[in-house]
Every structure is written in structure tokens, then in C-alpha cells.
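What follows is a set of structures to go through.
In what follows, chain A forms one complex with chain B and a second complex with chain C.
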Partner chain A sequence: MDIAAQLTVNSLIAGSLYALVAMSFNLIFGATRFFNLAHGALATVGAYGTFYVGVVLGLPLSVAVAGGVLTAALAGYALERLVFRPLRARKASNLVLLIASLGILIAVEAILAIFFTSQFKTLSVLTGAAQTIHIGSAVITHVQLTMFASAVLVCGTLWLVLSKTSFGRAIRAVSDDAEVAKIVGINTNVIIAALFVIGSAIVGLSGVLYGLDTGIEPRLGFMLLLKGVIAAIVGGIGNVYGGFLGAFLVGFAENFGIWFISGEWKEAIAFGLLVLFLVFRPQGILGKKHT
Partner chain B sequence: MNAITTERLRKTFGGVAAVDDLSIVIQKGKIIGIIGPNGSGKTTLTNVLTGIHRMDGGVVVVGKKERTRIKSCEVFGLGLTRTFQNVRVFEQVSVLDNVLIAITKKGVLGSLFERASAAQIQNADAVLARVGLTEKRDALAAELSYGQRKLLEIARALATDAEIILFDEPYAGLFPEMVKRVSGIMQELKAEGKTVILIEHDMALIRELCDHVLVMDAGKLLAEGTPEAVLSNPSVIEAYLGV
Partner chain C sequence: MQEGKKRNVLTVIVLLIVLIGGAWFFAGNLKTSVTGPVRIGVIHPFTGDAAVYGEPMLRVLNLAAEKINAEGGIDGYPIEFVVEDGKCDGTAAANAAQKLVNIDKVEVIIGGFCSGEALAAEPITTAAGVALFSSSASNPKLSGISPLFVRNYPSDSSQGVVLADAAIANGMRKIAVLQEQTDYAAGIYEVFDAQIQENGGTTHKEEYTTDSYDFRTSIAKLQAERPDGLFVIANSPVSAERIFKQLKEMGWESSLLVSDVIAGDPTLVATHADLLEGAYAAEFGVDDNNPKFREVIDAYSAKYMTEPPFQAYVQTGYDAVFLIAEAIKEVGYDGEKIAAWLRDVESWQGASGTLTINSNGDPEVGHRLEVIKSGKIEVVGE
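Moving on, here comes the complex of A and B:
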């Protein structure tokens, strides 16, 4: 029973982290329709932004977190303006965009390794000794609780923006048919740039929280991206709320799976779930079936 | 006064001219029909005028603005809107929101905190009532029948309050009652001083609605004039019927 409670908490923590990546990935994918692998790099940029502001410059935790999220948002905007928009303007195929984003992911990891080395670094100097909370027989740290709260808060805020505001309506229009959206007066480039800023800030936050929880290294974004993309596909590619649900499904499958089989199979469980969905429900949990 | 003028407008696909040095004048405040056999370049002309295709040569004058390139994101600002031959609505958005998208703010900062006002919703509801979609206002556009989607597309075009509206085969797939409604809307638009460009194959409708008709064949202007004059022109009959 104790194990089940702790596994539930662990599932929620993992699901929260994946949810931040999956929701932001789907937010951008919905409008651009390409697999942006550079999204993972922005989680790393967020984490190192926090490291730089908090550890190197010695500023307080709140400033460091804000600095990391802001750096990721600006980096995402820069990628859209300098790489993806020019490629779209030249009518580059999704394959070209995918390869460009892979190149960016690898380049960003390399640049961060050059500046900060590839050594694993902790951010515990910012958070101090891990403070824990007991929920029944399960234990959770403050940072992990913040992860869960952030995922729920981000999901709720996105729901409000997407369903209740004119901006959200414009996003849904661009996601549905960008060409027609232009005809009714929506500047699709501005909407997509805004989505890159918002999505990059969210994925940057996931990198920051992951860093505060376990530490940072230049490849952290890649692993987060893999799990986030699995969650995005399982939930329904391009569907923000699907990404949220998919993330928790992956989190629960991984953590309860290792109750029955060895922990080293954790990654295989996530990918196994992905394959199951691709074969039996390729549209994901909330995705629409294409006829 | 002219709503649109094209001078030697040209659009080619793989060396084949779909619009071939076309010079036409669309008069303001009238219903202008564009007819021609399949492949004559009618839809390509519409796509060039609304920035879907980039023109390869010539000039388009919309109002007083002379253009050698029209981007689709500029079309709204030119007071121009359109419907599509193959209906295109925002499928995963409600019927009401399809119309509100055309009414509410377009910028990021302005729209981020904007909820549709009561006046905007009232405006959208009025447009939906005009096309007869009031009962479907909360349904997803994807759930509508083909004819209802055509009407929704027209509603969205009306909601932009554009001065020039291009209808690309709006009657295809509509029931007779819907046809009557759409014809009524076109006549109302004309009465409001707006310019209607109607691409249509149904000659009875062209005869009934249009003040002036342009006939295209192989990307060129074959003939123009009143519906009666054009539809009795032997070269038009030959191009259309091959006799």
C-alpha cells in the first residue's frame, strides 16, 4: 500500500513534467504542423539560464527561475524568426523543418557544453536542502509539488486563453487552416511567433523545474523531449489537453510498470505505450480520426 | 468607379498560362459574373486576387492601391474577402466562433485579453441569422452538412464587412431554398453599395443576378457585357458548348 501511494505521487510528478513539454509541443505543432525537435533544446536553455542567473550571478531563486523561463522564451522567438519563418516562407517541407530543428537541438547542446562543460551540475544551492511534505505514506519535495501545480496551472491558463479569448480563437483558426485565417485578417506569422514565445517559456519552465529537482546537463532537454513527444502523440498530436492527459498516462504507465518489472525497463514502457497507440489508436486519446 | 482593375495579369503553372495577360475592370457596387468553361482560369484569377497564388506578371489595382504582389494576409486590409470553390471553414471551431474570428481583434496583445463583447456576439448572431444558421450556432463546423458549410463560409465573408466579396461557385451543393437565400444576400450586398464577384456555372443565376459578365477562356478574356449580350455571343456559346 505504501509503495502504491509513493508510485502514485511519482507518477504525478513525472506526468507533470511531461505535461509541460507535451502541452507546449502540441501548442506549437498545432499551428506549424512540424516536429520541432529544437523544443527540447529550449528546456535545456531554460535550465542553464536559471543556473547562470542563480548560481553564476548569485541572484535569488525567483529571479533565477524567471531568468531561465525568459531566456527560453526569447530563444524560442529567435529560432522562429531566424530559422523557421524563413524556411516556411520558402515553402520548405516538414522534413526540412524537422532536420533543421534536429540541427538546432544538437548545436544548442554543444554550445551549452562548450560554455558550461558537460559535467552534471546541481542547483541545490538555490533551493537548499530538499524540503519534503508527507501525503499519507508518500513523500514529495517542494520542487516536485511545484511541478504538479505548474502543470495544472499551465493547462488551466491555456484552456482559458484558447477557449475564452480572441487570441485563442485566432490560434484555433491558424491551427485549422492558416491560409483562410490570413484571408479573414489574421497575421499568422505574428500568431505563430507568439505561440513560440509561450510554448518555449512553458518548456523552459519544465527544464528549470527538472534542473531544480535533479540537476542539469546539456542533454537533459533531449530526454524530456522524447517523453514529451510520446505524451503528445499518445494524447493526440496537436491537441494541448490531449498532451496533458497523455503525459499523465505515460507517467503512470512508467511508474506502475516498474512495480512489476525491473526499473531499467522504464524507458521501454513509455515507448511500448507509444507503439500501442500508433498501432491501435494513432489519433491519440483526444485526437480526431482522419478519414 | 472601379473596385478592381487588372492589367496584363499573368499566372503560369509549369509554363502553362492559367491567367494569360488578363486585363479586366470590375466596377464598384455591381454584381459581376465571371463565367467560362472548366480550366478557363476563373479560380486561378480569384486565387491571385486574394494572394493564394503569387502573380507572375502584370498589375492589380484594388481601390487606389496598385499591386504587383498581393499577400493573402493583406487581403483583409484591402477590403476584400472570398469564399472557396471547395468549401473551407474552420472545422474544429464552433459555427459562432467561425464568424467571431472575422469580427474580433486580430493583434496578439489586443486579442490576448479580449473576450467577445455582447455587441460582437450580437453582430455574429445577426450574420448567422442572415444565412439561416442560427440553430447551428453552437455546433462544430465539422458537424455541418456540405450546404451548411457553404452558408457558414458566406457568413464568415459577410462578417468581415469587406467592400468586395468574391463568391467562387457558392451555389454548388445548395438546396433550392438555400440558393434563394444566397441570391437574396448578393442583392442586399449590392444594395449596400458593395461589389460582388460571382463565379458560377448556372447561367440562369448569372442572368438573374449579374449586372455585367466577364467570360474567360484559356486564361484570357473572351467576351464581356450584359448577361443577355454575352450569353447570346456565338464565340461564348462555342467556348462553353464546343459547338
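Moving on, here comes the complex of A and C:
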């Protein structure tokens, strides 16, 4: 069956995109323990950053991509300093942080719509006509291949940083227990700010790649966030590598699922998988059981 | 004497009945005169994928209103629009209709732009006795839906039939369909599918939600069917843009049929000229030589420094305002009477040509077959 090869490629493309969102979501969640919905907005900020630098200012693709990722990282840092850190200092509950992040998600969408209109825009000016590579009977474009490579590279780099550096040890300490980490002399605020910068850059990259692949609109971050969060929970909430695995599981389930039923059920399959995990394995693939 | 008195009393009673009854009867037929700015509701999509229509179409309505107002308005009063966002979505359109009917108390609404909006708003406006006039909703289910609903854009029953006939005539028997999950797209598919089956063909349909951005697996499935052609029924150029890009990436080969919203977007057609070469579409056409059509296109181009997109909708939107203004001048500001007047329109000359509304509230015009050649739309048989 030649269709199976194409479906495998499609699953890997979708999974790569979800993986970038899920890994960065889990990276931040691990240390902050709140559901940061504003994470999706940063994907949109990244995509529009690239649009601004590449299409409005007319700079080359590499500069545009770097511009988008950098904008997202800066925006993530700004959100942490201006909104989340003050709320944490006030001992706000996770529910308050969740609602604040939802507010940010909606506000960012609205602000982007005001400046760039809510109309759909393509970034094909930057990439030119899509160049494709044939793998057997399956087809993949350069942008999609970059998505897959980015997901794998980001996962590998995060593993190196988290397990081999003292900065990584500090992150893991904060993720294990922020209070104890503070007692042993780790500046948790600095670690969390760094995680916001790194996580926002990664999710910004996912927005940029999504934009280069399919075009941009202010709602794109929300659509990415939904799938990313499902992948994060399925993989094990707060676990970076779990997010990576969960993302590909969701990608494969969606694409092979709609081989047999109509494409309109794609969302239903992803959410169905989420419900199955919540009921039968709430800690996710790699998550630890919390007591 | 007694007899005479009785007869007098009877005569007075009969006279009273005639007078009161007559006054009541004639009062009912008197026009509700206009005593201030004439408020017309508008339900169009201003957010979401279909937002690409909302803004340019509102500009067209405003151009028409400015012209009417400059020429003295309606009985000396200007037209004012109360604009609501229907988001091309039933729930939002129903909320918009509730607000326009109950809070703004308008007697006539232009909209919904999308079929889904019109289908959701109609029960609310009908119950309130408010006229609903759509210049673009084309779902066949809207035909004859209510005496208070009128449209000057043809039903998609003709679009589906024209395209199915063209497909069969070109030897397509097995046709793949990629259809957005909206009332507009579903309406076209139903008619198309019935006509294809009647002619011994088959269709294989994949649906997608408006939010979808990844069509690769649906395309791969349809490709595996080895169809003679693919009919893309998108509700807005946004999903069409993504589908065309992915079709190209995946090396789609068989001929294409596209819905009228795709053919109505010259940029989209030009961008994907190579993929769309030889593709068929059926549109409610425009007549470049019609002076009223030129009037709105020129006015738009002069004011907004660009030609308006979706010109088939531009012409009907422009006409809608003039028709409603004429109706209010004739019968007053009363929803039921406005609707009755509009449903009676015969040989009215506007930007969309000669308009006659039939007993279903539909215009007596249809779609014409077009083919895409080198990124441009050509009318077949001209």
C-alpha cells in the first residue's frame, strides 16, 4: 500500500509540530506547575515576527526566522517578568495564573489582528515554490523536513542541557521541588525566567515553521496549543521527553485514524486519545505518579 | 315609529362597522412613515476565515448608502447601518440577529453573508416580522424558507448541476470531493452528488473542519482512489489556499473543479495558475459592460485604491442597498411589507443585471460555466 508511506510521513510532520509545542510546554510546566495557555500566543508572536521581518521589511529567510524566534523569546520573558512573576510573588493560585494566561492568549490574538488584520497571510514569498523530496512513494517538502529535524534536534539539545550541565541540574531541582531548590541556594526566579525564554523560543519556532508551511493568522497559536497540550498530557505532563513521544503518538493516531474514517474526525481522534489517557493512564506515557 | 327607530339604530351600527372596519383596514395598508435615520442591520463575517469577505462587502454597502444619502436619502433621512459580526457561524449569526431585532429594533437586515449565517438568523427575523435580505447566501435550503427571506444571489442548486454536467461531459465518472464542513459547501455537494449519480458517476467525499490546516492525509486517501477529477468545495479562499499548496506538494494530477468562492478570488486563481489550469468553476457572473456594475467597481477602486475582490458578491451587495431603499420609499419602514415588496421585484435593473425574484424568494438567474486558463477565468461558450 503506497498510501501507508505517505501517511507515515504525514504523521511525522504533524508529530514534529506538536512535539515542539509539547516539549516547550512541559519544560515550563515542570518548573511553574501551572497551565500556561499564553504559550500558544507565543507561537503566533513568532510567526508574525517572521512575517514582519521577512515580508514587511523584506529581509532574507534566515534573518526572518531568527527574528521570529527572538521575538517570541523576548515576549515570553516579558510575560514572565510583567505578569507571572508578580502573580507568583503574591502567592496567586494556579487557577489565577491559568486565567491570566488565557487572558494573555486572547489579548495577543486581538492585538495581532489589530496590527496585521485577522486575514490569512502566506509566507511563500520567503520560501518560494515548495521544493519536495520523494521518499519511496511519499512526498515531503523542505520546510516539513526542517520541522522534523528541529523537533529531533530540540529534543536532543534539551536532553544534553538537562542531564549534562549544572544549569540543567538546577532546572531539574526546581522542577522537583522549588522550595527545596531555593533552600539549597538556587535562584528559582532566574531559572524560571530562563525556562520562559527557552520555551518561548521553541514554541516560537513551531509557529514560524507552521507559518512557512501553511500560512499565518492570529488564531494559529490556539490551534497549535490545543494539539500541543494534548500531546503534553498524553506524554506525561511536565516531562519534556514525554511531550516528544506524546506528540508523535497523537500525530500517528490522527493520520492513521482518518485512513479509515473521514478527515473531519481528526480532532475527535486526538481528543479521544486524551480522554483514554486521562481515564486509564493519567500520568501519561513517561509521567511519574503524583501522590 | 318603533320600526323607524330600530332601522335608524341598525343603520348607525352598520355605518360604524363600515367606518371602523374601513379605517382599520386602510390603516393596515398605510405606510409606516420614516421619521428619522433609516437603520438597516448587517450580519457579515468580520473575524475568522471568512473575514476576507466582511470588510470589502461592508465597503460596498457603504458606497451604495453614501450614494443614496447624497441624493436625498429615504424621504430626506439617511441610511445608517447597524453592523454585527456573524463570523460565518450559525451561533454568532443567531446572536447578532437577536441583538438587531430586540435591541436595535431594525425592520430589515442585510445578511447573512454565509449560508450558515442566513440559515441561523432566518427563524429569529421571521418570528419578529423583520425582513432578511441576503446578497450572497446560496444554500439551496434557503429557497422558499420564509416569506420574510429574500436573496438576489442564485441558489447553489444551479452551481452543483452546472459543474456536475461539465464533469460528466468531460468524461469524469469517479470524482473525489474535498468539502469544508459548512452549510454553503454541504449544499453544493448534495446537489452535485445527486446530479453525478443520476448520470452514472460516483463521488468520494472527504470533509474537513474550517480550522483544518493539514489536508495531506485526506489528499493521500483521495489520491489512492485514482479519481478522474477532484472537486474542492471551500467556503473561503483561506482553506483553498492551503489545500492547493498541499495538492501541489503531493503532486496531484487529475483535473480540478472548484467552488465559486475560489473562482471569485483572482489572486488565489493567479497564484495557483499551474495547478488550476483547465479547472472548471460555475459562478454567478458579472457583466463588465453594465454601467451600474462599472459604477460600483469604479467608485470602490477610486476610494480604496484597489479593485474590489469577489465581484459577483459586490454587484449583489450594491444592489441590495438600493432595493431595500426603494422598498422603504414605497411601503415604509415595516419588515413584512419590505419583504413582500422585495419578493415582488420584476425586471429591476441593477449592477447584477436584470433582477426578477421568483415565488421562492430566489432570483431568476443561475450560474455559468467557467474554465481557468493561465490563471484567468474564461466563460465557457463565449
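Everything below uses one rule, namely that the second predicted complex is superposed on the first by the 290 of 291 C-alpha atoms of A that agree within 3 Å, B and C clash if a C-alpha of one lies under 4 Å from a C-alpha of the other, contacts with A are read in each partner's own complex, and residues count from 1 in each chain.
The definition used in the following text is that a contact is a pair of C-beta atoms (placed from the backbone, for glycine too) under 8 Å apart; a residue touches a chain by one contact, two chains touch by 3 or more.
Note that the structure is a prediction, hence the values are computed from the model and not measured.
After superposition on chain A, the partners chain B and chain C are accommodated together without colliding. By the touch criterion stated above, A:V152 is placed in contact with neither chain B nor chain C. In the superposition on chain A, no contact is made by A:L70 with either chain B or chain C.
When the two complexes are superposed, the chain touching more residues of chain A, out of chain B and chain C, is C. Applying the stated contact rule after C-alpha superposition, one finds that A:V180 touches chain B and leaves chain C untouched. Angle at chain A (Cα centre) between the Cα centres of chain B and chain C in the superposed arrangement: 140°, in steps of 10. Shared-chain residue A:W259: touches chain C; no touch with chain B.
Looking at the shared chain after the overlay, A:A194 reaches chain B, while chain C stays out of its contact range. By the touch criterion defined above, A:V96 reaches neither chain B nor chain C. When both complexes are overlaid on chain A, the residue A:F167 reaches chain B alone and has no touch with chain C.
When the two complexes are laid on top of each other via chain A, the two nearest Cα atoms from chain B and chain C are 37 angstrom apart. The interface of chain A with chain B does not overlap its interface with chain C at any residue. Listing the residues of chain A that touch chain C in their complex gives 2-3, 6-7, 10, 13-14, 113, 117-120, 122, 124, 130, 132, 139, 141, 210, 214-215, 217, 219-220, 223, 254-255, 258-259, 262-264, 266-267. Chain B meets chain A in the complex at residues 50-52, 71-73, 75-77, 81-82, 84, 88-93, 97, 100-102, 104-108, 110-116, 156, 160. Residues of chain C that touch chain A in their complex: 46-49, 51-52, 181, 205-209, 211-218, 220-221, 223-224, 237-238, 241-242, 245, 248-251. The touching residues of chain A, counted against chain B in their complex, run 161, 164-167, 169-170, 172-173, 175-177, 179-191, 194, 288.
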